[in-house]
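Look for subunit A in each of the two complexes below; its partner is subunit B in the first and subunit C in the second.
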Partner chain A sequence: MSTRQGSFRQRIAPLHTWSGLIVGWLMLAIAVTGTMTVFRPETSAWMRPEVAQTSPPEQALRAAVAYLRERAPDAPGWYLQMPDDRTPTLQAVFADESAPQGYRDIALDPVTGRPDSMRETLGGEFLYRFHFELQLPYPWGRILASAAGMLMLITLVSGIIIHRRIFADFFTFRSAKGQRSWLDAHNVLGVLALPFHIMIAATGILTLVTLTFPWAGYAAYGKDEAALVADLYPGIVERERAGTPAPLADMPALLKRAQDLFDGAPVSRVSIENPGDAAATVTMARSDAASLGYGAEDATFDGVTGKLLKHYRQVEPARTTFSVLYGLHIGRFAPDVTRWLYFLCGLALSGLIATGLILWVEARRKRPHFGLAFVERVNVGMVTGLPLGLVALFWANRLLPPHMPDRVVAEPRFFFWAWGAALLIALIRPPRRAWPELSALVALGAAALPFLSWAVTGRGLWDALLAGDWLFLGADLLAFAFAAMFARITIALRRKGAPPREVRAKREAMA
Partner chain B sequence: MLAHTARILLASLGAYALAVAAASLLARTLPIARIEATFTATMLAIPVMVGAAILAYGCRHARDAALWIIGGVLVLGGVAWMVPA
Partner chain C sequence: MSALASLLFATGGFAALSLTMTRHVRQVGTGAAMMPPPRWRAAGWIALALSLVIAVATPDWHFALVQWLGLLALAAGLVVLLLWSRPALLPKATAAAWVAAAVLSLALFL
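What follows is the complex of A and B.
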């Protein structure tokens, strides 16, 4: 009774099919937002078109600290992401009880150090956060995303096992053959970027492993949790708040000293603990834009006297392996070409998941039932709803009044509303209608985006071309490329939804 | 039905438990610094969990899968328990 017939490969097949379905919808959302996150700094910059100026890091840091001193003097810490050649603005995170999530994550102008010169937006931070927090409260979103990542990895490995002719299928695509074509597309997308898919799923799990899998640490350290924390974060200097106020040391000077310690490499993050207190500390992290590993070196100074308290440089082999795997996931090291490869592989992964979901339905068409109809309709809503949500997010960014109250949370709402609306339409309309209708909507929305942006910001495609403004040029061209892709899908699906050729010929003959 | 449920539980909870047992044992026994052993064991836990999930479905009988996975948890976890932290 508990025997499963057939070969090893056949026994693994249900694992692939069912883990794929369970995780498919969630993973599609994670893959799409993750793919967008490859261009997180660029997305942020595009979403803040007012910022035209940059300033040297010392000046940006000085201005930001001056602003934070008046805005959040009592916050336990200020966490700053420094501007670089991809991001003109400085990003600041600090605790704030009046904020919806208990903390603020705001962009600061690199010249004035203030947020008010630009529209209030989370920029690329929203999609980045959604990618692993799924808009759920801590820690549930992260746990769910990790579980999805593990199911994804299991689906990939079992997919390789059940795949008979992995190399031959690389060159096989039989178009317009229904289920066979979906399978071919699924295989090509899967095999083409297979090392990427496995790498991104496995390293994605690793990024959240301190939350989801603390057991090795507990086993090795037992009850000595303080030692575990100290060993895990060797660069950190813990200090109790003294309670006596003291002015912060000169930030640009500390920045300069940190850069000297890092052989001249730029600083990417500045963490100021207990600002304004006698026990203040300032930790500067070396930028990982030019190295594979994540968080490989930092320096901590006394926040008042400026004395160097600790200089940590990663040398341990296992930790370095971990940080390189982590760095591979976030891909910040990637130069332009590699970054585009990450983006394209992310698209391939999204396509792999989407075709897998469609294939699940196609393979069961012969025996229709309620569950199948439901899966098919949700598939339509997810595959078209996510891009529609992105289009709505970018439209909202351009159209909402720049300083309306709670704009930061209003923008992402359009992402969820559009996604939800697509799901609703997909549930109500028959799939052969909903597919082309929603695809057409995505195509129109994406195609209109560059014109809308031009009308609002005055920075059109032509000006971007003349000015060599790669950011706006790239965004506009990408919007057109997606519009073309969804227009192509619409046309293909409309043809498919039309009555078969023989019927049409008969009708025409009779007319 | 029972076999189906068993395989699902083995591939999820069982696989996670096996990863915990294997990682705990490695973290305590690897002859390197504690923090290095922790990182190594944590990274290796991922392929262990994937392998266990494959095993849960790859075995001809759900009973065999249960034997391997639950047995593995007990043996690895038991040894890890006995080794001092």
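What follows is the complex of A and C.
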């Protein structure tokens, strides 16, 4: 029995090793940006430091609609994300042919309803989008991310099978023992947060399942996409544009009525179809910030008369299961403590992938070859390049002129340039030099960020502390924490990179 | 607050369970002999069970269950860090975690 089990393990081991290597670099990027996305609203708010005021939802909605009426009167629809206690601004999406992707996605000031008081930035949206679209054209990024998720799940499951001593090594970490230490770290990071890792990989695949497994949809609906959409989003009422202009109903009044329908729960999204037309409709979605599932109740009104056209509350078990699994992945329900735990577990997952990649190299050191050297160097570039990219993104957010043209695309470029530069340096420099140099750069960049932000915005750590400004306080402290972590790594690597003590002693004796 | 009590119980529980394992007993030294291994084991499981009870004793138990899994990961991570950096402190830290968790829970539920 035990020999058969042993051989099964031995047969599974290469699967773990190679699926891990194939997907490792991509998965590291997905994990790091996903971890940041836990704080997507906070990232957005930090990246728009000009917004200091909030306003009640009715006023914010009134102001935003007034602005959209003048900015995009002919757009087929306006899609608004309402402010809440994590996000002071509204987010508006509407079609615009002059925009690079054909639509605009902009933040609006909750008081004035206008975008011009703030620096133009995608905020946390960029990292969120990159997490599953990888900056590739639709649908390729999503398909690649989904495939990476599936390989990741295979790597996790095979990792559990080949881990011989899950319980015996549960608490074991032995430092300064080379490959042994990397394996300990890899095991501990994997085993301790295993429920999270499995959940996040499985539910992550599920979020893109209609794209990767569309056949059930084809089988049931054939080419009738309208019927599919109507069944997928039952709260929406589709109406043809009438072509006769008509003024929009009073938005704050509709908002109030929707809230009453939702038992007083706030509204998170407002979709206005055919604005300014006699066939206008307004759909209000109940906020899911207080429930485990994702999006569960909608109310649609006639956009001119204000008559209630449809009130949909999700009760179907299959749909609820899907939305709970989706909700578990995005963790929007999470109260503060849970959110930080998501963040920590995300860091553990990033660390699991990074240590796995390093282990692949460490285990093969005795027989050096070109592939090994290549993997080792790319590892350096990825593990230090991603954090360096984040630092560059936040630096760019503070330093680029607030209203320069195409600022929204300029900011993310710094993320990619810094990441690319790290890869380039890692490919050129010997790894034992590149490791400490690049991680020192990350440490310096992160440590300087709070000071830079203070100089530019006037909102420093001390002011944040006095004002009880948790957003800036948290951001500054996190930056310092990461700086400290990378400084620690730099010191450890410099010690490791230096020649062994005997060699040094001999050299000194010779001199 | 109940999250903190739950975390302390889980940390104490994992620490106690680590003291049933030869490798960690050797790391910790004399303090591990405070109790024989079966008793550490029983205490560890009881503390983990209490950690679960305290975590989910709320109307929002389904959120709390998700949170508890995260707290378990954090608690085990803390034990790993302690065993790596200051193993000799582990038995005392375990006792302190239990006392703090018990006081907090009593304050919360009485």
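Just so it is clear, the second predicted complex is superposed on the first by the 491 of 511 C-alpha atoms of A that agree within 3 Å, B and C clash if a C-alpha of one lies under 4 Å from a C-alpha of the other, contacts with A are read in each partner's own complex, and residues count from 1 in each chain.
Quick note on the criterion: a residue touches a chain if its C-beta (ideal position, glycine included) is under 8 Å from a C-beta of that chain, and two chains touch if they have at least 3 such contacts.
Everything quoted here is computed from the prediction, not taken from an experiment.
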{"item": "Residues of subunit A touched, compared between subunit B and subunit C (which is higher)", "value": "B"}
{"item": "First, second, both or neither for A:I161, with subunit B first and subunit C second", "value": "first"}
{"item": "Which superposed partner A:F333 touches (first subunit B, second subunit C, both, neither)", "value": "second"}
{"item": "Partner chain(s) touched by A:Y221 [first = subunit B, second = subunit C, both, neither]", "value": "first"}
{"item": "Which superposed partner A:F8 touches (first subunit B, second subunit C, both, neither)", "value": "first"}
{"item": "Which of subunit B and subunit C A:V209 touches, first, second, both or neither", "value": "first"}
{"item": "Touching partner for A:A52 - first (subunit B), second (subunit C), both, neither", "value": "neither"}
{"item": "Touching partner for A:L153 - first (subunit B), second (subunit C), both, neither", "value": "first"}
{"item": "Where subunit A meets both subunit C and subunit B, residue numbers", "value": "none"}
{"item": "List of subunit B residues in touch with subunit A within their complex", "value": "2-3, 6, 11, 19-20, 23-28, 32-43, 45-46, 49-50, 53-54, 56-63, 80, 85"}
{"item": "Residues of subunit A touching subunit C in the complex", "value": "168, 170-173, 175, 188, 192-193, 195-196, 292, 328, 333-335, 337-338, 341-342, 344-345, 348"}
{"item": "Contact set on subunit A toward subunit B in their complex", "value": "1-4, 8, 11-12, 14-15, 19, 150, 153-154, 157-158, 161, 202, 205-206, 209, 213, 215-222, 224, 227-228, 231-232, 316-319, 321-322, 325"}
{"item": "Subunit A contact footprint on subunit C (complex, rising order)", "value": "3, 14, 18, 21, 23-24, 62-63, 66-67, 69-74, 76-77, 79-80, 83-84"}
